[in-house]
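Across the two complexes that follow, chain A remains constant while its partner is chain B and subsequently chain C.
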Partner chain A sequence: MTGRSPALVAHPIIEVNDVSKWFGDKVANSKLTCSFGQGVTGLLGPNGAGKTTLLRMLAGLTQPSDGTITIDGLDPRGHTKLFERIGLVPEEDAVYEFLTARQYVTYAAQLSGLSEPAQAAADALATVQLAESADRKLGEFSKGMKQRTRVAAAITHRPDILILDEPLNGTDPVQRARLIALIRSLAEGGATVIVSSHVLAEVERIADRVLAMTNGRLAAAGNIEAIRAAMTDIPYRVRVEADDLRALGALLIGHPLITSVTIDRVELVIETNDLGTLGRDLPRLAIDSGIRITRFQPEDMSLEAVFGYLEKRR
Partner chain B sequence: MTAEGAVFDLGYERYAGPRLTDRQVFWRIVIDGLKKSVGIGKRARNKAFPFSLVALAILPAIGVVVIQVVAKIFGLPLGNDVLLNDREYFDWTSQLIFFFVAVAVPNLLIPDRVENVLLVYTSRPPTINTYLVARLVAMAISVGVFLMIPQLVLLIGEALISPSFFEHLADNLSFWWQVPITSLVYLAVNVGAAALIAAYVNNRGAAIAIYIVAVNVLTGVGFGLSSINEYFSLIALQFWPPRIRDWLFGVSTLEEIPGSDVPLVAVVAALLAFVTLAVLLILRRYRRLI
Partner chain C sequence: MTAFASIVANTLRGFLGGRRSWMLLALALLPGLVQLIGGLARGSAISSQLYEEFSTQVLFTLLIPAVAITFGANAFGEEKRGKTMAFLTLRPVSRWTIAGAKLAAAWLGASLVGALGAVFAAFALGVGSGQWTEIVPGVVGAGLSALAYSAILLPIGLVMKRATLAGLVYLLLVEQFLARNVEQFSNLSPFRIGTSAYAGLSDFGRVVATFEITNGAVAAGAGGAALKAAAVAVVMWAITGFALRELDLV
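Take a look at the complex of A and B:
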């Protein structure tokens, strides 16, 4: 662990410094300090956590009430040229339903100032695999197809900063997998991608790094394992299946690494504060006692479990 | 990448090719607005109303010219008379413009706002001010064309039946400032009121109804109260354009209308104050949205 907060990256493109945003009496974001660099950052939180407000501020659409946001050192609110570098997929439906996908994305390319908008639109539509439906009206599109069209409009000018607010909403599993692959490929190419979602499994699949928000504040930052490891006051829970549960349970009771052992039908539920050591020691203990372990599953390593803990800590 | 951060190889490069200038992007938005104001790109039913009004505006002018040409050819008494002059023609087109604007302005502003399409603009280099100015310019062009084309038809028609086509044009140089400025006044009042309402009402039908009712109620109230004090007639927005038009054309045709004794300067001041207030309120509304 270095001295730098996990909310900050080593090579920031976007820097958020002590930012708060309030609307009348309602505080949407409170004293956020974080930064974003190349790769995918997942912005995670329940509805109302302040994710969309933060994304709108990052995209220069909303002025922070306090604090500063900079992109490569410049305030996006005062430097509209920065918008040439940003692609935004807002959460809300933002399409002209009477236009075809091609017309819509071409118009977006024109607004981004591209000199050959038709070609750029065709390329972007092909990237999101909508080339064959490009001449259908958006009003006839499913929600997932509209979503992909909006992604196409956002990437038509090949931005190096891509801000996606709940981009996988309404997409079916196949479309979701394609969009995730697209987002990953943009990030692996060097783009700074920020993806918000309240669907935890999606963030886990997309993001290298997570900023978790609750009530407008940062609740955690880093990769999932690092966040979980930092929660020293909450034991890990592991489900273990073995050929002799009672013997294994008796062996573990009183072990210094173990805080509790419960038999749950066909498995042991073990709680420990040191998952790594337990993972190394348990097989040796079992072998020494002639017990065969058939499954060792830490049940709360998922982002959902981590976020459940964060929610409880609010 | 880890929690500590990492730098990827930059295989991905943002677009670095030629870009349109801000002015070119502005005109793209204007053209988009022009298309929307008359329903181009939408279903036929969306085009029916604006194009019907355009036809109603132009056809009488064509009819007048045809009658005069026919009369001249056949030596009928009408031959060298003007049936309807440019000033009088505003009485007809101003009625049509009222309904054209009532429908076109809400169509131009409300769906973008209600359906969150504003983000399409504001997440890119154009600012909200660019968007609003481009929308107003689109309306100005469509209303200006609406008002000017019939006038040009009349002018050219009159020139055709005059002894000398070019002499007639030369004798009517005042056309080139009287008609555009009068058109601008009609535009400012109608688009100003309709845009102000459309900025604050989220339902197109309601915005159309409110505009039509509000303008007519204000006219009734203004004229009604003018018996107490003639300056109350300034409440009647529709009273401003014909007053200014008559002054521009150097005639006086409104003596019978209540408040006609109100000095012209008061009418112009009311118009300027209204337009300024409308612009400020529209900007305030949109800046709160973004």
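Take a look at the complex of A and C:
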């Protein structure tokens, strides 16, 4: 045991230290301390949680009102050289609509100081499957195509830090799967990837690690199961089907592991603070009482449920 | 292509592409066209009078301020409105380079349109009256005025939300009021920088006299005007670069 907070990684590339950001009276982020290393970190939270503000600060676009952010020990706002290593896909659906996709990505490559910007742009467009549409004006593109073009512009200089704010917005399921595969492959290549989303299933598919935010604060950190396990003050909910629900219910009422038992038509809904022990003890209890359990389903391991809990806990 | 040249080229492409370029072209050609038609119909004296009272006035009081607002205030204004500031600034390019490239683009765009208007008006004067000396003064005056206007409006467009409106307020407040009444503002007025350069280079007495009256204490002379325009540009470039470093960019 190192005693390290789950919001911190062992080998940080980006370090956020006690960072707050406010705009007038409105607090967007409050005393955030976390770090990011290689692999994909999902920044998860509902709209207005402060994810975009944090990502903008990580990229050096916005200055923290308090606290510090460093990338390999350097403040991104004072070191434009760091931007050789950073790719950002902002949340806004913004492109230069008068440019073609090729011109747009080539412009990104030129600004990044690449020696062969045209080739780098062609490679990046091919990576996001836009080679065939590369010479069409961005104003004619669908939202999903613009999004892929923006991803191409963000990766054209092969950054080792990639910050993506809601990158899957507007993409269809096929494009989404490809972008997820691309993000995963960049991370497997050694990049530090930070992906924000309010769509829970997306983060589950993309990220190795999750930082969950609500109301500008860090609500939880770790992998999904670890976040859930850390919430010891909130009971797990388990749905159980058995051949004699009433008998099983009566058996569980008053049991020290169980905080509540209700019958919901054809199943029992059990709440417990110790899912692991219940999972071991319940079958034995049922067998001893001659009851046959046909289904044991913890219902709240999805991110949706985790977020419901996090919101309630705040 | 360097980052500086890329930013200049992309900014100009945004400015000059599409319907706006036709509108700017029409605006640039308007004074010369009126003068050409009037001069051809009514003779040399009318052509000269139109040049003095209409073409040069439209050039320096309407065309150049209008294109400078379009290009100067919107050099960053359009990036902000289009939410592309992150694309531009999250690159390994110094803020001073970005500020300089935007200024260069705004100046080039405004000068191009302004100079086109000046050349066409001077050409119309030549056709109507045989006076062919006004092309160079017009181009130099337009270029220097456009530089000063663009430079002043560049940081305004960066920090203000409504860049065009802010540019118009600047014109009304500073050019129309302060520069007419306060000598220090008068010396650095883009209008007077342009017209004093024109007056310093021109052989066309009646236009020179008109500008000298308008400019008051500001002496005619292209060298002095160029120095003032350059000084304004350097100061405003520094302010813009500093603002890019210090302000939240999105």
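Operating definition for what follows: the second predicted complex is superposed on the first by the 303 of 314 C-alpha atoms of A that agree within 3 Å, B and C clash if a C-alpha of one lies under 4 Å from a C-alpha of the other, contacts with A are read in each partner's own complex, and residues count from 1 in each chain.
The rule is simple: a contact is a pair of C-beta atoms (placed from the backbone, for glycine too) under 8 Å apart; a residue touches a chain by one contact, two chains touch by 3 or more.
Since the model is a prediction, treat every value here as computed from it, not as a measurement.
In the three-chain model built by superposing on chain A, chain B clashes with chain C.
When the two structures are aligned on the shared chain, A:197 is found in touch with neither chain B nor chain C.
Once chain A of one complex is fitted onto chain A of the other, the partner contacts of A:186 are limited to chain B, with no touch recorded for chain C. Of the two partners chain B and chain C, it is B that touches the larger number of chain A residues. In the superposition on chain A, contact of A:111 is made with both chain B and chain C.
Judged by the touch definition given at the top, the superposed model places A:160 against chain B, while chain C stays out of reach.
With both structures placed on the common chain, the touch criterion links A:214 to neither chain B nor chain C. By the touch criterion stated above, A:81 is placed in contact with chain B and with chain C alike. Shared-chain residue A:59: touches chain B and chain C both.
Residue contacts after overlaying the shared chain place A:149 against neither chain B nor chain C.
Of the stretches 63-71, 153-161 or 243-251 listed for chain B, only 243-251 runs into chain C once the two complexes are overlaid on chain A.
In the superposition on chain A, the residues of chain A contacting both chain B and chain C are 59, 61-62, 80-81, 83-84, 86, 88, 90, 92, 94-99, 107-108, 110-113, 153. By the touch rule above, chain A contacts chain B in their complex via residues 2, 4, 6, 8-11, 37-40, 59, 61-62, 80-81, 83-86, 88, 90, 92-99, 103, 107-108, 110-116, 120, 153-154, 157-160, 186-191, 208-209, 221-223, 226. Per the touch definition, chain A reaches chain C in the complex via residues 56, 59-63, 77, 80-84, 86, 88, 90, 92, 94-99, 107-108, 110-113, 117, 153.
For chain C in complex with chain A, the touching residues are 1-3, 6-7, 10, 13-14, 17-18, 82-95, 245-246, 248-250.
Those residues of chain B lying in contact with chain A across their complex are 1-15, 17-22, 24-25, 28-29, 32, 41-43, 115-127, 290.
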